[in-house]
Structures are given as C-alpha cells and as structure tokens.
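Following this line, the structures themselves.
Here come two complexes built around chain A, the first alongside chain B, the second alongside chain C.
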Partner chain A sequence: MSRPVSHLSIVRSILVKDLKEYGRDKLWAFLTVLVLVAFIVMYWVLPNSVDETITVAISPSFETMVETAADTAGAEVDSDRLDELVAGLEQEQGLAIVSVESAANIEALVAGDATAYVDGSQTIVVPKGARPPQGMQKADVNIGIVFPDDFLAATASGEKTTVQVFVDATVPEEIRVAMVGIVGEFAYAVAGDALPVAVPGPEEVYVVLGQDRLGDQVTPRESFRPLLAFMVLLMEGLVMSALIAKEIQQRTVSALLVTPATTGDVLAAKGIAGALSGLAQAVVLLAATGSLSVEPALVLTLMLLGAVMVSGVSMIAGSAGKDFIGTLFYGMLFMIPLLIPAFATIFPGSASAWVRVLPSYPMVQGLVNVATYGDGWSDTLPSLGALAAWCAGLFVVGWFILKRKVETL
Partner chain B sequence: MSLKRTLKVLGKDFRLGPRSPIFMWVLFLPVFLTLVLQVVFGSLFEPEPRMGIVDFGDSQITAAFGRIEGIQLALLGDVAGLKAKVEANDLDAGLVLPVGFDDSVRAGVQPPLELYVGGESLASNRTILVATTLELIRDVEGSAPPVEVEIVALGKEALPISLRLVPLIVMYALVVAAVFLPAFSIADEREKGTLAALTVTPVRLSEVVTAKGMLGFVLAFAMAVFTLWLNSALGAQALALVVVLAVAAALCAEIGLIFGAAAKDVNGVFALIKGTGVLLIGPTIFYLFPDWPQWVAKLFPTYWIINPLFEVTIDNSGLGEVWQQVLIAVGIVALLAAPVMLLTRRLRGILAMA
Partner chain C sequence: MEWKDENVTQAAIKVEGISYAYGDVEAVKDLSFEVAPGEILGFLGPNGAGKSTTIKILTGQLTPKSGTAQVLGIDVSADDPVVQAQIGVCFEEKNLYESMSGKENLRFFASLFGIKDVDTEELLRRVSLADRGKDRVSSYSKGMRQRLMMARTLVNSPKAMFLDEPTDGLDPVSSQAIRKLIKEEADRGAAVLLTTHDMWEADELSDRVAFINEGELYTIDTPENLKLRYGKRSVKVRVREGDGVREETVSLDDAAVGEQLKAAVTASGLMTIHTEEASLEAIFIQMTGRGLEG
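Showing the complex of A and B:
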C-alpha cells in the first residue's frame, strides 16, 4: 500500500530524470557549452559600430587651393565664399575628406601601396610595410581626387578644368557616379551656378522622414542578437525533439504510463524540460552579451514565451520522426521557417507581410524593439499578445499530437 | 578485405539509403542553400542604396536611375506609399517627379525638389543618392558642366559576392554528403543492431566502413558538381576539378567515418557535428570577408580542399597552379586514414563484446 502521489511531484520527478539524462552525456554537455561560448564570442567579435562614411583623399588640400586662388593674378575670387563652399563640402554627411600632399600619394593610397594615418587635420602617408605612426588613426582610402592647383581660380573665372578621380577597382559603380556628381556640383557652386531646382532650405536638399539615426545606426552586433538568442532556443528544440523521439522509439514513455504518472504528467514534464533547457541557455547568452541591462523582465518574458513555443514545436517534430535522423529532418523543416524572422532582422527595413505572420516574428521583433530601440512593456504588448497566442496554439497542438502518439504506442 | 563484398554493401546502401531522410538532406540542402545564400543573403554583404521614385511625368531621370548599376530602384504609384516606405527604412530615399518636371528644369524655372531620405539610411547612402539625383537633374538641364571629371580605376576588380559564396555552399554539399551521411549511417546501424548482425556474416566491419565511406565519397562528388553547376561555377579546368573534388570528397568522407565510428549513437554524431561544424566550414567565411587576415584560414584542415577548389572553379587555375595545395590535402587524407582504421578496430571490439 502506498500513499497517493501528487501530479506535481510526478512531473518534477520526470523532469529531474530528463535533465539528469541530458546532463549524463558528457560529450553532449561539453559541446552544448562550447556552442554557447562560440555564440557569445561571435557576438563580441561582431562590429559594434557602423561605418557610414566614404573616405576620400584629395590633393592638393582645399587650403592650398584657396591660397592659390587668392594669389592668382587677375582671378576674380571671393575667398570668403570659397572658404564657405569648401567648409560645406568638408562637412558633407557621409564624406570624410583626407588631404594629402601630392597626386602620387593619392595613386599610392588608392592602389594599396600606402596607407593614410590621420590626426585632426594632419595626414601622414606611410608606404606599405613601413611602421605606422603612433597615436594616429588609420583611414581606409579607396577613392582619391586630384584637383588642378588652379582649380578654384580657373573654375570661378569660367575656365573648364579636368579633375581626376582615382578609384580602387572594387569601388562600385554607384559610388563612382556619385563622385562625379559631387565634384561636378562643387564646381557648379564655385562657378556660381545655382541648383536647377528649389531645395527645402539653404543647407537642406532633402527632408528626413522618421527618427534621424545618423551616427547612431543599429550595429551588426545589435542586429545579430535576436538571431543568436533564437538559434540557441532552436538548437535546444532539436535536442528536445530527439529525446522525445528516443523515448517513443524505445517505448520508455509507455513504461512510464504503468506507474502513477498520467500521459499529461509525462507531456508536462517534457514541455517544461524543453522550455527550461532552451531558456537557461538563452538567458546565459543574453546575460553574457549585456542584453539584460534594459527591461530585463520584459526580455525574459519574451524569451520564456519563445522557449515554450519552441518546446511545442519540438513535441510535433519528436512525434513525427521515427528515429533521430528523421526527427532531425522534421525538426529542421519546422525550425527553418521559424528562423526566418530572426534572419530578417539583419536586413534593413520592415519584414515582408508573410514573414510577419510567422509564429516567431513577435518574439524576435519584440526583442529588437526592446533591446535596440528601448521599447517598454506598453509598446511591446501587441508583440507579447501575438506571441502568447502562437505559443499557446503551438503548445496545445504539440501536446495533442504527442499525446495521441503516446497513447497509440 | 574483399572488394566484391564491399561493393555489395555499397549497393545495398544505395538501394535502401533513399528511405532515410538524410538522403533528402543531401539532395535538398545544396539547392536550398544556393537559394537562401545567393538570393537572400547576397544583398546582406553588399547592400546597395535603395531609391524609390514616383514619376508622374515620364521623366528621363527615372530612366537614368534605372541604368545605374548598384542602385536598387523601386517605382511607386503614390507619394504617401513612397513616404511610408522611406520612413520604414524599406527605401533609403524617395524622389517625387511631378508632371513637367524635366521641362521646368530645362526652362530654368527651378521646380521644387521633393526628395525624402529615411532616418535610418546610412550617411554614405544619402550622399550617393543625393549626388546622383543632382547629377541627373543637371543632365536634364543640359548645361555644359564647368569641370571635366575623369575616373581612373586602379587595381584588380573584386569578385562579386555570388562567387565568394560558392565555397560556403559547396563545402556544405560536401559535408552533408560525405560527413553526415556515412557518420549517421554507421551510428544508426550500430544503434539498430544491424552492424552487430553483420559481424556473424562473412562481411567484415572494415568492408562495411569502406562501403559507407565510398557512399559518402560518390554522393559528395556528385553533389559538389551539381552545386557548382547550380551556381554557374564549374570553371573550365575539367581535369583539375575532378582531381580536387576527388581529394575533397575523400577527406570529408574520412571525417564522416571518424565521427561515425567514434560516436556511440546518432546523438553522439549530432553532438560531434554541432561541436566541430565551425572547424569544417570556417575557412569558407574568409572568402566573404577579404579584409580579414587570410592566413588564419590556412589553419583549418578543410582550407586545403576548399581553396584549390575555389582557385580551379573561380580563378580557372589548372593543376599546375594548385598542385601544392592538393598535395597537402592528400597528406591530410593519408593522416586521417590512421584514426579511421583505429576507430574501426575499436568499434569491432565493442561489437564483438555486445
């Protein structure tokens, strides 16, 4: 005779057994840690800034050109206006202008035979293989513009000159076209030709729509964070489905049912084990990547719901496969579509309509909005609601399919 | 070891193999990866400025934008839609060209420029699109430019991303066919007991293992050729391609046999693949990022199969140019033969005791 055992303690016992079995495989446990570490390292290796500028070397310097123009006998030059135009070009967003001494330097820089190092307005060109100067920043130059010495004076007085734009062969066509446009527009301005169109303001050619993130762009590191976190969940989902398939194949799940454990207890334990193992790793990843500093409770809620959703999918895949390889195959078939929204976050712009209806989209988008754009609970409620609905739906379907499978063994 | 018995086992694997989902992986993955990597992710590595135009008057600016390589052009029907797309960062910039815009520019009326830029667009993309727009408007204006701009290109042109992705896709085809297939096949047969059952027949374990290796080799070779063809990268050096692919398939098949013989079950194989996948695929990432220190790639054993393959297919190098790399790969194949034999012997002992 024995006293009745509560469902809670049965679920706990099965859960402990599952987690022990999971940890017993030393190789598996080691490799799980290894992959987690690799993901964390990958995150920190990714660039934490976005290079928004095109670095252009010019020769001679604008200063020299203005001085030459002022010294040119007979040239009708308004030095103040030239200074203004040059300052305008130097402050052009997206362009970083580096002045070097000679046209030969420009050719060497663009051909990769020399490197430019910059400190404020000072630039040093160092031949390939030579020691770089201390305390100066390297400038990646693959475009160089060689102006004639009398460019400003000649252009201002209506004389046509030739400007050479040296480009590395890897510079794409659109940048070459833009360079022609920039030099041309500068020359028009020097010659005193107004734009053939009316622009919104004296310094504004365009109108910015949305929050201007110039200098504060989403970095590759931030873009990859949801992908890495979701991949950890999916990997564990695959493992979970393999464990379920193994229990079905070896009929250990049937053996459990002759004990006081019900099918519901077994399924609950499986679901919790799957969600817990994935969630634990995802939390480690997020903590190690400093992603829990903003709204930690909200991030953890999103990850928990994501883990439960993946657990539901694991039950479906685990029931479908006849063996490990089959389970892996079905698991991949289910998991790859779930991965698409996470990949979509790497690309600029909003996801397509069909991506937005995928179950993992609300989780990934919620994570992006919280971790990258600083959204709070109220902003994330729609994502949380949609995710909770998907989560419940997939978990119920997974539960139902696995229950049928177990009961028909 | 009997070649006849080995071929018999190989024939059985070819006959019964397609029932396994792993065969589906072998056939499906190269097509899937080609589609995903080339179509979807090609744009990730070389993002192009994206311009949207609403043209109410058949402007020559629209046609000119369409001719510029490297700018993605989207033609839209309404201004609200254009502004929404620019604001959502689906476009970097949006230009509205009203009826008679070109005529107004030519007449010197200075029509208003309606140009929108997205807040999340990069500064460099803004510069490119604005400069190009003004350049094209100047073309419409028809005035003689006050300067002659001469473009001088220096150095060697970089390979397009579609070609730099080829090593990654081919390596996956090789790994799935030559590593996954033999490894899972051995572990699966061991788990199901069919491997132990074979030991009471005249077939020797070494013959079974060799047959699994040959299966991986043949399929890897075929799938690599198929993948290269799919990516239009077969090259013109047929003999060099055959030699390099044969060595590559052999090296990968040996890794598959090592995994299969070392793991106690299919879970173990999965764990080994999960843990060592980065080492197998690692060198292919360096083709995507030419600025990375390329010598690091040489530390990976698979570099010595993937780099000659890259040179033969993409650079059209012949055997005379890649023979040293192929020789190193052959050396690795010879070295790996030892663990394959040792692990097979160990597996025989385990099966005998079971």
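Showing the complex of A and C:
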C-alpha cells in the first residue's frame, strides 16, 4: 500500500509549524533581531581605512646632522635645499619622522614614559602624566633612532659608526629588521655607495599574486565581515538547538512519530528550518553591509552551505542537552570552535593547520577570498567541496544522535 | 503465565509473546493479548508495570526484543505509515505545542495525516473546548490540555486507539468528559487499549481488563467474570435488632437462598444488603500481592 501522505507534505507541515513556533518565541525572536541589528551597526562603526604609518623619532634632527657635517667640512649649508630634502624624506609613504633633541627623550618616547606632540617642525616631549600642550598633534612613536653627532661626516669618509635603534615591544620583528635596513641604506646613500642588490622600481615589473591591494589594504570592516556573518549563523544555530531540545524535552517529538511522520521527516524539517532562518539573517546582514555586490550567487551558496552545516551541529547540541542550560552549554561547546577560523581572518597571516581542518574554515575562507580578494566560482570550488562534505558529515552525525535520542525517550 | 483468549474473533490489536528490556531491566515479558474492533481493553497495573512500554511497542516507538505485535493486521515493527495513519495515541505527558492555539495544534496534527479539511470546531466541541480553541495552549489548565490531547487523538478517526492514563490527575468533570469520548469511539468501532491504575475507571469503561505487573500479564477477562471468579457468591444483610445490629451472610449457592433473601428484605429492621463480590483492586492485590497505586 502506498504512503497515506507524502514525505514532502509532512516535512512542509513540520517546517511551517517550526517557523511559527520560532516566530512566537519572544526571547529568541528578540535576541535574533538584537544580534542582527548589533552586528550591522558594529560593521558600519568599524574603521574603513588602515593607518599604516610608522612614526620614527630621530635624534639629532636631519638639519642638525647636516649643519654639524658642514661645520666639520668648513662648508656652507643651502638651507632651502636642506628643507627640500628633509620634506622629501618625511613624505615617504607610511613613514612619519619626528625630530627629538636627545637620546634620553627617544628612549622615554619608545618606552612609553613620555609622549611627543608635533606642530610643523616643532616637537615637544611631555613626560607621562604631565599636561599636554595646546594646539599640537600627538605622535605615537613606535621606533627611535639615535645617530651619533658625526654620523654624516663619518659615513661620508667611510668610517665605521654606531647607530642606536629603539623599538617598542609591540613592533613586529619584520619592522625592526626593516628599520635596521633603512639605517644601513641611509648610511650607504650618505657614503655615496650603491646597495649591492638591485631592487626594481615601481615602474618596473612586480610579481603580484592575487588581487593587488597596494594602497587598498584589508580594512577592519572587511576583516570582521566573515566573523559577523558566521556569528549570525551560529546564533541561529543556538536557536535551533533550543527548539530541537524543547521538542525532545516536551516530548512533542513522540507525538509526531506516532503519526505517518518519520524521524527523517522531523529531522529534515528541522534542518531546513534552521538553514533557512540562518541564511535569511545572514543575507540581511550581508545586504545591509553591502557585501553582496561581488559574486552574490557564490556568496549566497557559501552562506547556505554554512547554514546547513550549523544546522547539523544544532541537531547534535539540541539532542545532547537535558534542559535549557544544558542545551546552551553544548551549543556553546560545539559552536565556539567553529568561530576560530572567523577570528583568524581578523589577523593577517596564514591560519594554523589545525584551524584549517575545522568545519567552518572553508566557508569563512571562501567568503574572505570572494568578498575581499575577488575570487570566482572556479577559485572557490575546493572550499565549496570541503564545506559540502562537512555539511553531509555533520548532518549524518546529527541525524543519528537525534534519532537515538528520540528512540530512547 | 498462560491464558487463552477465546472471546476475540478478529483482532484489531494482536500481541504475541512480546518482550522488551531497558538494559538489564525487563519491562515487558512474553506478553500476549488481543483487542477486537469496538472493544475497550483496560490495562491495569501499578506504575512501572510495563503498560507504557507496551503502548510504545504497539505504536512503533519501540521495537520488541522478541515476539510480534500487529495493529490492524500489520506488523508494527515494520514502521509502516499505513498503520500510523489509522491509530490514535494519547500520551500520559501533555505533549502539546504550547505556543500554538488548540485549533492550530489540531490542524497541524491533521496535516500530518494528510487531512486538510479537519473539523476542528466539532473536535473541540466534543471535548468542551469550543470556546477556547483560539487560545494558546500555554493558557490552558491541566484538564483542558488533557481534553485537547483526546481531541488530537481523534483527528484521524482512528481504528485503534492507545490511551495512556488519559484521566490521570484530572478533576471529576474532565475525567467524565474523557470517559464519555472513549465510550463513543468504541461504539464507533475503534479498538481501544486503555492503560490506567484507576480500578474504578477500568471497571466502568472496559469490556475486558488485563492485569499487568512487573512486565507480566497475570490475567485478562471481563470485570464481571473476574469479580465473580475471585469474589464470594454471597450477600451480606444487616438488620437492626433492639439496640444492636445483626449481620447475616446468605450464600447464593444455598438451595434456600430465595427464601432467605425474601425474609431479609421483608424484615422490619433491615439496614443494608451488600453483595460480596470483590473489587478489581482487591483481585489485583490477591493475584499480584501488590496494590495498583504502587
């Protein structure tokens, strides 16, 4: 005998019921809207530019160094030419130079015991806790270089000289090394020697891998986008966990399973309800943050697979908890590790190998590559494949656990 | 324990030697019985006797470790939706969707049976909830929820009904309404398996009762037969005599029973006449050594 009612019809009925229940749960409905609005606001509040300027304090000033060298050589200094040269150095992209009177001041500035205030060529160093001067701009000094008084004369004559470089503990190693290189390069230039290495200029050939983001660095807003989108999915996952747990705890699932509905029908409806509501919210977030302008179909596919994956995790969490707190605990336990790849995108550099094996990694990385670096379908296929495999695996595990739970009620 | 059920000709529910265990604990042991269409079988036993486990097996929620169970001629282990489409189950727990109204609950469950034009008004009227159908279940009292559970059981006009303690803890009015419904459904032709530990309810509703304890079926028969079989065939007569009361027992098997009863009824100081038949609870205790409330 054929089925008295089709699976499709049953799944649709349960799905409509689930969405109705979800909409009527005031706590979760409120939290959903709150999270969505908060994340959209957070996105727009985040800076949309990157300040990559490194402020370097030097002592003595270039003018003093040149004048000392001129005195030693008995030569005249062309003030206009000197001003032009100094201005040229200070306009170097990403580099701000602050001239300070003494080595002690430089040490204090880099150590954070004093703050520099600049107004044109004038710099005032104010000890920590003292009142700042009016009308001057604060300069956060990261690196300090102390040149010896006879630096120019010594380097010009080929003598060896010592330069002290002070760096803030937070300055990355590569910047420290670069600063030492700059000092060396400066000395070579003064001495009139060329560097023994040929570096091509901007007009020559650079090999840029991927989209060239020179001058258009990834902004905090862009970095946070995958995190916010994924957190919306996870929030939805928690809601689904709670709804599944409620169905088990109130034993309504038993009432469903003595009708023509099967465990598979119930789980399919839950999965679809979770994925749909998660996707809908993620789409609202992405649309409100203007993130659907590039490859919208691809971004939506990634988000859909992400939502399905989170639904699978929700089934596991929802089946594991014995009450609201238990469900919340298991929900967080399963969901927080999934957030790690999204956090990893905030910080530059490659993710660790163990982060790459987390189920959410392909979705987050795919989203970053599409939205930030302009990847297309063919570039994203490996991520989509990995994500689909994770979805299937998690769904099967969630399916099995929930089925076992229902059978033992 | 063996018994043969000779009253049933065509069973709507047929159970043969089913057993089930939760781990090492045997909940149901070699259970066999049948329920005919239109018959109400009262399943009497204390808490933990195996009544709910039996219902779970018969409704496809559990698979028996051994034995077979058929509902409407189909093996329930096959998880056949055709069976599920023709049964109605009323759970002991009030497992309704609280955020939905009474009507929405009924419509939703009807949709799972593929019924689009369910008459929710009529169902709610039958359980005296017609005026509360639009209210959310969360605002219902315990009795109202239980009545809605009964209405839900009826959305598909089931041919076999499994009712697990349907009147447990309810007020007399709600209990009476539910008992009336059960009778009506049996009159319509539904086979009803009713679990209860309320001896009075079983006596009033059931065509036959089955005694179950620690997973074993002790006996199954009509309440009348059980009472006759286990009770005393006698009448106790109490007559006032002067300042005292005289109590006399008249055996119904005595050749002069007619004259003795006539004399008792016409006696001037007659106070009471009681038959000496046993209650179902007394019989249960006599057979199992355990009370029904345990």
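The rule is simple: the second predicted complex is superposed on the first by the 246 of 409 C-alpha atoms of A that agree within 3 Å, B and C clash if a C-alpha of one lies under 4 Å from a C-alpha of the other, contacts with A are read in each partner's own complex, and residues count from 1 in each chain.
The rule we apply is simple: contacts are C-beta pairs under 8 Å (C-beta built on N, C-alpha and C of every residue); 3 or more make two chains touch, one makes a residue touch a chain.
Everything numeric here is computed off the predicted structure, so don't read it as measured data.
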| item | value |
| --- | --- |
| First, second, both or neither for A:Ala297, with chain B first and chain C second | neither |
| Which of chain B and chain C A:Thr53 touches, first, second, both or neither | first |
| A:Ser9 touches, of chain B and chain C: first, second, both or neither? | second |
| Which superposed partner A:Glu174 touches (first chain B, second chain C, both, neither) | first |
| First, second, both or neither for A:Thr162, with chain B first and chain C second | first |
| Partner chain in contact with A:Arg251 - chain B first, chain C second, else both or neither | second |
| Touched partner set for A:Ala353, first chain B, second chain C, both or neither | neither |
| Larger contact residue set on chain A - chain B or chain C | B |
| Doubly contacted residues of chain A, that is, touched by chain B and again by chain C | 25 |
| Interfacial residue positions of chain A with respect to chain B in the complex | 25, 27-28, 30-31, 34-35, 38, 50, 52-54, 92-95, 107, 110-112, 151, 155, 158, 160-185, 187-188, 190-191, 193-200, 205-215, 217-218, 235, 242, 246, 321, 323-326, 328-330, 343, 346-350 |
| Residues of chain A that touch chain C when the two form their complex | 1, 3-6, 9-10, 13-14, 17, 20-21, 24-25, 250-252, 254-262, 407, 409 |
| Interface residues, chain B side, partner chain A - complex | 20-22, 24-25, 40, 43-44, 46-49, 68-71, 83, 86-91, 93, 105, 108, 110-113, 115-120, 122-132, 134-135, 137-138, 140-141, 143-158, 184, 188, 265-268, 270-272, 274-275, 278 |
| Chain C residues touching chain A - in the complex, by the definition given at the top | 59-62, 79, 81-82, 84-85, 87, 89, 91, 93, 95-100, 104, 108-109, 111-114, 152, 156 |
